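In the part that follows, the structures are each spelled out as C-alpha cells.
You will see two complexes here that share chain A, one where it goes with chain B and one where it goes with chain C.
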Partner chain A sequence: MFRRGQETATAYLFLLPFLVTSAVFFFYAFGRAVYYSFTDFNLFNTPQFIGPQPYAQVLADPSFRRALANSLVFAVVTTTLQTVFALLMAVALNNRIRGMAFFRSAWYMPSITSSVVITLIFLWLFQRRGVANYLIAQLQAYGPLLLTFLTGLVLAQVLQVWLERRAGRPAGWFDPALAVVSALGAGAVTAALAFLGVVGVREVLPFDYQYFADKWVTVGGVQVLSIPLLVVIIQNTFTTVPTLMLFFLAGLQNIPGALYEAADIDGATPWQKLVHVTVPNLRPVTFYVITVGLIGTMQMFDQVAVIGSAAPRDTLITLAYYVYANTFRAGAAPVNMAAAGAIILALIILAMVFVQRRFFPSEVRP
Partner chain B sequence: MTVLPAAGRAAPTSPDERWLARRRWARAGWLYAFMLLMSLFFLGPFLMGVLSSFKDNPNEYPPRLLIPQLSARYIGAAYNLGVQGGGGGWRGGLHPGRTVTFDVQVRSPAGTPPAPPTVSLFPYQPVSLVSITRFAQARDFAQVSLTPAGTRGEVRSYRVTVRYPALTRQTGRVLSAQIGAPGDRLTATLPDGRTVPLTLDTPEAQAVQYTLAQYQPVELVERGGTYFLRGPIFERTPLQVDIQRGQTLAGGTLPPSDQQNFGRSLAYRNITPGVLGYTFNNYRRAFNETTNPATGRSLFFTWMTNTFLYAFLRVAAAVVLCSLAGYALARLNFPGKTLIFLGFVLFAQMVPSQVNLISNYVLLKDLGLLNLWGLWLNGLVAAGGVFLMKQFFEGIPRELEESAAIDGAGPFTTFWRVMLPQAGPALVALAITQFQGAWNDFFWPLILLRENTNFTLTVGLSNFRELYGGQGDYGLILAGAVLSAIPVILVFVIFQRYFVSTGADSAVKG
Partner chain C sequence: MKRVLFLSLGLALLTPFAAAQTATRTIKINGYGGTDQALVNDLINRFVRPVMAREGVTVTYQPLQGDYNQALTTLLAAGNAGDVMYLPAETLDGFVATGKILPLNGVVNTSPFIRSLNTAFTRNGRLYAIAKDFNTLTLVYNRDLFDEAKVAYPNNNDTWSSLATKLRTLKQRLGNEYYGICLAPNWDRFGAFAYATGWQQFDSRGRTNLADPRFAEAFTWYTGLARDKVGVTPSELSAGWGGDCLKTGRVAVAIEGGWIVNFLRDNAPNLKYGTALLPKNDKTGKRGNFLYTVGWAINANTKNRAAAVKVLNLLTSAPAQQYVLEQGLAIPSRSALQNNAYFKKTDPGAQNARLVFAGADDGNVRAFTFGPQGPDWAKPINEALASVLSGQRSAADALKKAQADMTTFQRR
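Our next item is the complex of A and B:
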C-alpha cells in the first residue's frame, strides 16, 4: 500500500516510544535481575559474580519457603473457589431478565475499586469485635428460629410435592410455586412458635475471634493455611466472583439451546445437564478463567503490603512480598536473593502459561 | 429462556396453563430475590463502610445501622450549634466573642444524689502521626458554666453555657487569618496573602502570644490599618459531662460521642460541629489531620491531586502512544514485526513486575526520578494497551485506508486523518482502563514514591493503616477509603458499557 522504506521507517517511528520504554524498563530490567541473581549485590556494593549461590540461599531461606507455600496455597484455593462459585452463580442466573443492568453494575463494584480500599474495609470488618463477628454472633442468636424455618420449609415442600404428584401433576422437588407457599407456611409456623415461646432468640456472648493472629489450619502437623491468609482468600474470592460470573454468563449464552432440549428429551436431571452439557461447553472460558486466575493470584502483593504489621509476617508473606521486603530491607539488603526469588516467581508463572498454551492450544481469548 | 411471561399473550384458561403460569411467576420471584440477596452481599461491605465512616466510633459494638449523624434532628442541632459558635452552620467552630448553649438531660431516680453534673472542656489533640501540629485548645480560652433548666418527673434538665470572650475590646472589621511564621513579632497571614503585624491591646492577648503556633487560624479586628488579635478560632469545642452515681443520661442537644465509667462520663467531642464537623467529621479529619507542618498543606489533598495528575498523565500517554504502536503492529508491514509482537507485547505481559522492581528502582533513583514523573515513565506505554489497540485496528475494514492511499496519503496522514477518528470507542475503553489502572495502582507507587508529599492515594491510605490502624482509629481510614473510591466509581457509572466490554483486564486482581 505504502512505499516499503517509508512504511518501515514510519512503523518504527510509531513504535519508538513503546520500544524504548519497554527496552529500558522491561528487557534491560529483566536482564539486570537475572544478572543480580548471580551476584552478591546489596544495593551499596559493586556486584561481584558468585554463581548460583543466591538461589541456594533463597531455597534454604525458611521465609522464602513459607512465601512459596503461601503463594501456591493462595493461588490454588482462590482460583478453585472463585471459579466454582462464579460458575454456579452464572448457571443460577442464566436468564434474560429485566433490570439485569442494575445487578451487573452492583456486582462489578468490588472489582473496580482498588485492592487497597477493599483490603482496608475487610481489615475493619474482620476485627475482633468487628461486623463479621457480629454477624456470626447474630447467626448463633437467631439459630433456633432459622432452623425451625428451614425444617418447616423442607417439610412443607415435601408434603406439597407429594400431594401434587398424587394429583397426577409432574411437580419437581424444587418447584418454585410450591416453594413460595412452603416459605410462607414455614414463616407463619416459625412466627407462631416464637409467639408461643417454644423457640426464640438465644442469649449469646459476643463472638470474639481474632483473625489476624498467628493461627493456622494444620494437616498432619504441617501448617498449610493461616487464618489471615484465609481472610485474604475470602476477600479475593469476593472481589473476583462477580466479574468471572459475567464471563461465564457470556459463555453460557453461546451454548446452543438445542443441546438442552435434547437433554430434556432424554430425561436428564438438572444436575446431569450441568455436568454433561454446561460444563463441557464452557471449557474454553473455564480454562481461560483458571489460567488468568492462577497467574494473577500467584502475584498477590497488595493485600499483604496493606495488612502489613497487622498480621504476623509469616502468616501472609507471598513470593511477591518476599521480593519487595528483601529489596527494601533496612541497611545492606539481600538484593541478590530478592532477584533470585523474582526469577523463580517468573519461572513458575511462565511454566503455567506454557502448560496452558501447550496442552490447551485451541484456546481462544474471550 | 425468558422468565417473565410474554405480555399480550391470551390469558391462560385451562387449569394446566394456569399452573404453568403460576410456576413461571414464582420462578421469576425467586430469581429476583436471589439477585437482590447477591447484590446486598456484594455491595454490603461497601455500604457498611460508607455508613460507618460517618460514625464517631466505627468500631462500636453492636454496630448500628441507624446513626445520629444521619438523622435530621441531630444534623439540624449540629447546624444550629455551628451558627451559635460563629463559624456558620456548615463549617462550625468556636469564634471569639461567641456564646454557645448546650442542653443535657439527666434521669435522676429518687434516692440518688440530686447533685448536678460537673462540666468541663477538655483538650483535643489529633493523634496524627503523619504530622504533629499543636493547635490552641478551646479549654484555655473559653469558660463553661452550668445552670439548672427545670425538672420534669425524674428528668432534670441542665443548660451548659460556653462563653468565649474576645481578646480585644476594639471594634471594626472582623476578619479571619492564620498566624504567620515565628519571628520577633507575632504576625498573621491574611486571606489575600499579605502578612501583617498583630497588635495585642489587652493583658489576655499578651498572655497567649507565645502559645499560638504557625498556621493557627485566628480572628482579627482591623481598625485604621492596625490589626488587633481577637483570638484563635477553634475547629472543635470538646465538652465533658460527668453525672452522679445512680443517674443516667436521658438526652441532650447531641448524643455523646463516647461514654466511659459505666455511662457516667460523657464526652462530646465537639459541641460546635456544624454539619461538616458532625456528619462528615471523619472526612474533614482525613484532610485536616494530615496537614504537613512544614508547609501547612494537607497531605491527603496532595495525594489526591497527585493521583489525579498521575491518572491523567497515564491516560494521555496511553491514548497517544498505545494507538500509534497498536496501529503500526496491526497495519504496517516491516521487518521484525512478529518478534516485536511476541516479545514486547505478549511476553512482557506474562512476566511479573517484581522481576523489574530492583532494576527500575535503582535506575530511577540514579536519575533522581523517584517521584510521579519516574512513576509515569516506568509505565509510559502499557503492553496491554498496545494489544487492545492492535486488536481494534485489525477489526477496521481495509477499504478506508486503501482509498486514502489512492488519494496519495502517507502512513501518518492515514493514521491521523482516517484511522484515529474511527477509534473513538476503543480509545474511550483504553482511557478508562488506564485511568482505573493508574488510580488503583499500588505496587509501583509504593516502590518508587519515597516522600510522603509524592504519594498517591493508595500508598497514602496504606500509610493511614499503619499510623491509625494500630490504635483502632478506623473512622479516618474508612473516610479516606471511601473518598479514594469515589472517582473510580463515578467513572464506572458514567462509562459502564465500555467497562463491560473490556472486563477481561480487571477480571483477576493479584
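Our next item is the complex of A and C:
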C-alpha cells in the first residue's frame, strides 16, 4: 500500500512540470480569456462586467465574419488536400526499393524547416516577377513544342501497343519499354519539325499575375476563397504533408501483409488494394490525422503574420489573426472582443471534433 | 567581484529605501529600433547624459525592435515602459486612452515649437508630447527620366492637371518599361490629395464622409493616374514603397517625405533627383499635406517626474535639434530653426529638407492620424484604392463600397 502511494507520488512528481505549465498557460489563461470576454477590458482599465455584449460586437464585425469564412475554407480545403496527399505519399514510400531512406528524409525536409522561412520563400516564388509567373511564361512559350512532343508520344505508344497485340504478345498501355521507344520517336519528330520551322518557341509577354492582391474565387457572387489564401493553402499543404505522412507510414506497418497477399490471390488491382485494404485499416490513423489537421489549420496564424501587409488584410485574415490584431494595437485595444473571438474559435474547434467523433467512428470496421 | 555584486544586490533587495533611491536615479528612454538607434544614442550621449550625470541621474536607452506601437503597448500595460518615450502622432489616441501618458501642459514650455505640431499632439486641450521632428510629403523625381523624355521637371506651381499631363507625356515618350509615378494604394499618401480639395477627415459628429464630391474628385484623379499605366503601384514593381520605386530607375516620380534622402543616398547613389512641392488642386488652388510627426512623451507613472521632464527638455533643446538638422537626419520642430543655414544649401538633400519644411505651412496641412478607432479606419479607403488601381473596380463602385464599409466601421 505504502509502495503504491509512493509510486503515485513519483508519477505526479514527473508530471509536475507539465501540470504546472498547463495550469498557468492553459487553464489560468483560458479562464482569464473567458472572464475578459464578458467585460469591457481594454488592456489598461479595471475590467467591468458587461455581459455578452462583446460577443454581439464580434459577430457584427465584418472582419470577424471574413476571418471566420477564411478559417473554415482554409481548414476544410487544407485538411482534405494534406490528408489525401499524405496517404498517397505514405503508400508510395512504403515500398522496399533502393535509396528509400534518402527519399523519406528528402520528403520530410519541408516539415522541419521554419514556417517563417518557407513563407518568405513562397512570397518570393509568387512575386509578380517571381518563379511561378516565370514558369508559366516559359510553359506558354514552349507550348507548341511540348504539345507536339506529347501528341507524338501518345500516337507512337498506341501504335506500338496495337502492333504488339496484333502479333499476339501481351502489352499494357503503360509498358515502360515501349514508352521509352515512343518518347525517343516523339523527340525525334519534334526536333525535326522544329528544325524545319513548322513548330517553334512562341514569343510571349512575361506572364503578369499578381497573387497577393484583392482577388477572389467567387461562387454565385459570394467571395469564397482569395488567391493569397490559395497560395497559403498550397504552402501549408506542402509543409504539413510530410508530418502527416509519417503517421500514415507508421499505420501502414501495422496492416498485416496477409491481407495484401489474399487480395493478390483474388486478383485485386493496386487501386482496389488501396481502397479496400489500406484505407479501411488506416481508419484510426486517418481519424487522428484529420483531427490534428483541422485543429492546426483552424488556428493558422504564422503565415498570415509573416505575409502581413504584403496582401490586403481581408484576403488572409484568419480567426487566430483576428484575435491577435485586436489585442496588440497602439495603446488601448478591444481585448474583450479578442477574447470573445478566441472563445468562439475554441467552441468551433470543439464542435468540429465532436461532430467528427460522433459520425466518423475511429475504430476499424470488423 | 561576483561576491560584491551579490552583496549589493542582496542589500538592494533588503532595504526598500535603497531600492527606491536607485530607481529614482535612473531614467529610461524608449525609442524606435533599426537605423534610428544610432542617432538617438548619439543624441543622448552628446546632450543628455553629461547634464544628467552631474545631477547623479543615469540615463538608459532601450530601443524597441519590430512594431514600436505594439511593443510600447505591452510595456505600458505591464508597467515596464520607459520614463520618457517616443509617441507617434498617428497612434496618439490609442495611447491617450490608456491614461499612461502624462499631460505636459504647465510642465513643459511649448511656445518655441511650431504650433501645428503642438496641435497634432493635443487632445481635449491637453498636450501629450513635444514633437521631436516632423516630415511632410513632397514630389521626388528622377531628373534623368524627365531629361530623356524632354519633359519639364515638376515644379512648385504645378496643378493636378499640369502634373498629370507631364507624367502622361513622359510615359508616352519613354514607353512600356517606364512609369510616370509610383502610387501607393494607401491613405498615408492619397490623403494629402483629399485634403487639397478642402475635404475634412471627420465631421463634427466624428463621422467620415467618403461620398463627399471633394473626396471623390481626389480619388478619381489619384486612381486615374493609373490609366494607361502612367502610374504604377509599388507591388507591381516588387517594390515596397516609393523609394524602392525610384531606385528601380523606371519610375519618374514618387510621393515621399524627407526619409527618402538617406535611402537614396545609400541605395541609389547615382540617381539624380529633385524635389517639388505636391501639386495644387485645380479648383481650390491649394495643396494638401500630411504632418508626420513623432514626439517625446512622459510616462504618467514615472517615479521621477522632475528628471524625466529635464530629459525631455534636453532631447528637444535647440542645440540638440540644430545638431540633428545639420546631420541631415530630420526637420526640427522649433520655429526658430527655420532660418538655419542648412536650408539654404543647394544639394538635393537640403533642397528636399527645405521643401519638406515649407510643406508644413502651405495649404491644407493636417496631422497624419487615423482618429480614435485606430489604423483600421483607413482600411475601407485603402481597399478602395487597391481595387481601382489594380483595375478590378470602377472608381464610383469602389467609393460606394468604401462608404458602406466606413459606415459599418464607425458604427462600432
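The rule is short, and it goes like this: the second predicted complex is superposed on the first by the 291 of 366 C-alpha atoms of A that agree within 3 Å, B and C clash if a C-alpha of one lies under 4 Å from a C-alpha of the other, contacts with A are read in each partner's own complex, and residues count from 1 in each chain.
Assume a contact is a pair of C-beta atoms (placed from the backbone, for glycine too) under 8 Å apart; a residue touches a chain by one contact, two chains touch by 3 or more.
Since we're looking at a predicted model, the values are computed, not measured.
**Student:** Using the touch definition from the top, say if A:Thr10 reaches chain B (first), chain C (second), both or neither.
**Tutor:** first
**Student:** Once the structures are superposed on A, label A:Ile233 by its partner contacts, choosing first (chain B), second (chain C), both or neither.
**Tutor:** So A:Ile233 meets neither chain B nor chain C here.
**Student:** If we overlay the two complexes on their shared chain A, which of chain B and chain C does A:Ala213 touch? Say first, second, both or neither.
**Tutor:** second
**Student:** Once the structures are superposed on A, label A:Leu316 by its partner contacts, choosing first (chain B), second (chain C), both or neither.
**Tutor:** It touches nothing on chain B or chain C.
**Student:** Which partner, chain B or chain C, touches the larger number of chain A residues?
**Tutor:** Between chain B and chain C, B touches the greater number of residues in chain A.
**Student:** Report for A:Ala156: first if it touches chain B alone, second if chain C alone, otherwise both or neither.
**Tutor:** Neither partner.
**Student:** Which of the two partners, first being chain B and second being chain C, lies in contact with A:Gln127: first, second, both, or neither?
**Tutor:** In the superposition, A:Gln127 contacts both chain B and chain C.
**Student:** For A:Asn42 in the superposed arrangement: first (chain B), second (chain C), both or neither?
**Tutor:** The answer is second: A:Asn42 touches chain C but not chain B.
**Student:** Once the structures are superposed on A, label A:Val285 by its partner contacts, choosing first (chain B), second (chain C), both or neither.
**Tutor:** neither
**Student:** After superposition on the shared chain, which partner residues are touched by A:Ala330: those of chain B (first), chain C (second), both, or neither?
**Tutor:** second
**Student:** Residue overlap on chain A between the chain B contact set and the chain C contact set?
**Tutor:** 43, 127, 129, 310, 328
**Student:** Mind pulling up the chain A residues that touch chain B in the complex?
**Tutor:** Per the stated touch rule, the residues are 1-2, 4, 6-8, 10-12, 14-15, 17-19, 21-22, 24-30, 32-33, 36, 43, 89, 92-99, 101-118, 120-125, 127, 129-131, 134, 169, 175-177, 179-180, 206, 236, 238-240, 242-244, 246-247, 257, 289, 292-293, 295-302, 305-310, 319-320, 323-324, 327-328, 335, 338-339, 341-343, 345-346, 349-350, 353, 365-366.
**Student:** Please give the residue numbers of chain B that touch chain A in the complex, ascending.
**Tutor:** 1-4, 19, 22-23, 25-32, 34-35, 38-39, 42-43, 45-46, 48-49, 52, 58-59, 61-63, 321-322, 324-325, 327-329, 332-335, 337, 340, 343-344, 348, 350-363, 377-381, 383, 386, 401-402, 405, 410-412, 415, 436, 439-440, 442-443, 446-447, 458, 461-462, 464-466, 469-470, 472, 474, 477-478, 481, 484-485, 488-489, 492-493, 496, 499-500, 503-504, 506-510
**Student:** Given the complex with chain C, which residues does chain A contribute to the contact?
**Tutor:** Residue list for chain A touching chain C: 42-44, 57, 60-63, 127-129, 210, 212-215, 310, 312-314, 328-333.
**Student:** Under the definition above, what is the set of chain C residues touching chain A in their complex?
**Tutor:** Counting only chain C, the residues touching chain A are 67, 69-70, 72-74, 76-77, 88, 91, 93-100, 235-238, 374-376, 379, 382-383, 386-387, 390, 392, 405, 408, 412.
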